[in-house]
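One structure follows; several queries about it will come next.
For clarity, chains are labelled A, B, C and D in written order, and residue numbers in each chain start from 1.
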């Protein structure tokens, strides 16, 4: 078969092998002395780079095929097969996954290189890269998996790596707790995914449980089951992509090293939910209600996270909430059936958000692990490369034309407006304004004005080349990635959308050019307002205000963590201890306790007869004999 | 007629001996009364034409076992004050008799319901050494041998039990 | 009549039980057991005469052998008990008391 | 593979155990001998597994007349349903002899006897034979807990004894009922499971017998609410015994339900399936919740084990091929994950002299190999894809959704509940700061590493390439489910009456 290639499975295998080798080396080094960091770094970067090269090969091979049959498959082996359920360990590369594949391996490689600088002199250098490789391998399985079950392997694998890397500095209890939180919340989402798969299988899975077969059979799905499947899968997406109500883990996940935040918690893993919804677009397209739910959840998350982002003081938390907010946009996009717009935003977001995180990492590195923006300031001249690259990233995030974020975000807002989701559009534009505000609040406070912490400022210096080069590469991406999908109004022809079209069941509304212009205009105005307010308040240097009223409420994230703690975690633990302390000894133990109590009482009652004198026992015997005789002589006649 | 008189005499003697056994406080007196019972039982065996058993009863039972008993009583040198205080033994005896009454009447009922037969002396070799020996070694050989082992074991056991404990202390 | 012998046997047997049940003196208890064995022997012999068969005689001999063995052991035990406690009272030995 | 291999696998350990009891060897020799015997069994087990052809039929069959007048035979055999249980039982024993060196001769002898009896119970296709092995296997367990257990071993032994004896006696009564019913229906005696499955049981007595059978196995599995012996017994037993109990013996309970209860009591089983499944799910959640409140790491694992057993049992009650296969697969997966976790805790206890979670911390820095192995086993136990735990749980949840949506949903929560207590425990034991006690923790020695490595590799291998296992059990599971569902309209209570009518005509 022309679509079968034998190297797809190797793409995730390389980083996985790297993870294994690095892990064994690290364990070895724990007891038998150090292994030089260069060796680790070399091995760590080999896997991602080879994967990236393969990704390019895949991309060009697909490009050479006719658009309607662009896909490559590789069925490595039968994973398990029970009854009607046949799961192959199979990999599928189609336009959608190849796009994901490209930027995941590309950004992954860059961040690996960056980490060599950032993690230098860390005690567990090898462990870090082992986990990073493991993550990349899992992410590639997620992207390339030919069916939902294989995707689930990667899905959980990235969750595991996220856990391991968040709790990387595991001596500190808070970090481990953040890791636990991430894993558990992700698992809640995974439950949705799992059940969604189960429903999907029993509905249409008998004819093959991979995307291609499912897509063929998707018309057999009844609307009711379809809705259930969509909503359950979306629960999974919510967990992984930090949407309401499962977004709480992502800000805490910033406890991990900064490259981790850039790679896992901004560029790749958290977008897996969007990818998944786009993957199942053939089902979502049949169930508009599910799409509406997705879109509204997304846009409300975007709003909520943007509000939280306005009031944070930790540079990474600001970026984390910004990530949640942008993910909300993506869901709004895929929710209104503009799948390619959503995926395109995933793509551009990966560049500028990774850039911002890495830039923040460079700042943190320079300031010796200071993360509070109210203790920074005036770094513009000290770290020019970082400043300019981050500025590009910030402009892209804020949606300034012609940076990458502008085009992708605009595409989503336009789709929402065009499909008649006016409410979503209004909120989306508002969020765009807020985004511009908090992004530039951060930029102004960090790089402009006067230094607030003189001592740290004096020690700060530009990061080494191994860290700045990835920044520059990403900045180029953030600048130009948007042009890949230039809409016709700017003279482009939506290249990415057309590339993705065969994988998705996209919906292109046809509306007048005036609507498109309106969408663009409002976005630009919102950006301008946001940046102006930020400049007015923070541009000239500002002192930290007292958080009062709404600001305090927002700073404390509407007390949602506390709410979850009281409503979910405490009752959970309480139930546990009620079972253990009350139910278990008093109720379920009752049969045992009752029977032993009965035996004891009965024993005590019969003890009276055990006088110990043989003669008395003989008397008992004789009494028995006598009674028997009485009875027998009745019958003897 | 003479046999019936003999039977009456022996049975009265044996019952009296038995009653004596349970009533006398000192074991020596009890042992003596038991000897009376044994001897009268031997007489009754003779009346039942069990010649060999009559002989064995006299020699082994009334002779050997009872003299062993008496020997032990004397060996222990039991004084009256060493004996258990059995002030209310008559009460026990009475109570026991009441409890046993149903047993006795039941057994009596069973026995009397059996077909009766005259207990005249059987002539010929019945109960003689030769005849009993033939039955014993022809039909009862295995039990006989087992009994011999039992006796051997009892012998060893008795030696072990009554012997002085050197090992344990 | 054979039944007379049997009734005598029953009487002796009951008296034997009475002795076991009501007396506290170890030796008397033991002798009461001997009495019961003798009562059983009498029944054997009586039945033997009734059937004109000598199996009963053999059995009686066996009983005597067992009685002899029992006597040997029981008396050894009595000696031991007496040596331990200096008493012949069965009430002294109440290890089975619950 | 030679003939009578099953008999060898049963009686070699039993005889070796008995000889060990009677011979005056010291414990070092006993341990070595035990290891050798267990290794022989392991080799036989692996060979048997490879040689198994994977059809639905019985293989390695042995048949000998035993008590002819009652139709009781010494008949053994292995099919897909028992294969993996046997494999587990054969493969995991040598580890115990390597890892735990401080036990006495009697303990090792007991272990061997347990193994033989368990293999017997797994292989027996005659119900009476099964019952006998079932009872024999309880006996050494009783001694091992009662003689070699922890400080509160006596109440624990009392509890497990009361429960299991009660269950066994009920089973015996039900067994006799089944035998007699067969005799009345077919005019001959037989306790062979193939023949008994032709039985047509209905009515009040059948329900009673079913309940009695189920009780015996529900106690052993254990199903909620008959699990209360488990935390105490698992905690107080020596770790190797806990390992045997949780990794193998509990599975024999599940296996016995599939093998003996389902074919004989089809109608009753269908009628009570929902209740039983609910009991499995509730037990899973209940024990999972209780685990979070534990301070003793071993007790935490005990509850975790009970929780997983609920899920495994659920797979059996769902009556479809996915769930059944999942359960059978999970039997091995659970043995290699939770079972091995018990062994790790045993090591931990031997080195730290405490099992209190609060006293530990930071072990990952002192012992990276130990932490890695523990972590992998833990992840398998919470069902992470790529480890053996996922395949089974996935199949069971899939089947449970088919069986009943509500139950399927509740069953799914296992992936959340498990992770909650496991992560918490892992954090407190392996992460955070070291203290005086854990500062001195020694990593696994080379021998220990090499002992556990195969198991860890097995966990990963079974997660990545489970098909060799699945393809051997799947045909048998298919047939089992097919037999079950071919039964005429069992779910409808009304049809029981005409069935009973048919029976009368037959007589």
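Convention: a contact is a pair of C-beta atoms (placed from the backbone, for glycine too) under 8 Å apart; a residue touches a chain by one contact, two chains touch by 3 or more.
Small disclaimer: the values here were computed from a predicted structure and weren't measured.
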*Looking at A-C and A-D, which pair shares more C-beta contacts?*
A-D
*Going by C-alpha centroids, which chain is farthest from chain A? Tell me that one.*
B
*How many angstrom between the C-alpha centroids of chain C and chain A?*
92
_I'd like the Å distance between the centres of chain A and chain D, where a centre is the mean of that chain's Cα atoms._
37
*Please work out the Cα centroid separation of chain C and chain D, and write it as a whole number of Å.*
58
*Between chain A and chain B, tell me the centre distance in angstrom, where each centre is the average of that chain's C-alpha atoms.*
99
*Can you list the residues of chain B that touch 2 or more other chains?*
96, 99-100, 103, 107
*asked:* Where in chain A do residues touch two or more of the other chains?
replied: 619, 622
*Mind pulling the residue numbers of chain C that touch at least two other chains?*
17, 21-24, 90-91
*So which chains end up touching which?*
A-B, A-C, A-D, B-C
_Touching residues (chain side chain C, partner chain A) in the complex_ = 17, 20-24, 29, 90-91, 93-98
*Can you list the residues on chain B that touch chain A in the complex?*
96, 99-103, 105-107, 109-110, 113
_Taking the touch rule as given, give the residues of chain C at its contact with chain B in the complex, in rising order._
1-8, 10-19, 21-25, 27-28, 30-32, 34-35, 38, 41-42, 45-46, 48-50, 52, 54-55, 57-58, 60-62, 64-73, 75-80, 82, 86-91
*Contact footprint of chain C on chain A as seen in their complex*: 606-607, 609-615, 617-619, 622
*Report the residues of chain A in contact with chain B in the complex, numbered from low to high.*
619, 622-623, 625-627, 629-630, 632-633, 636
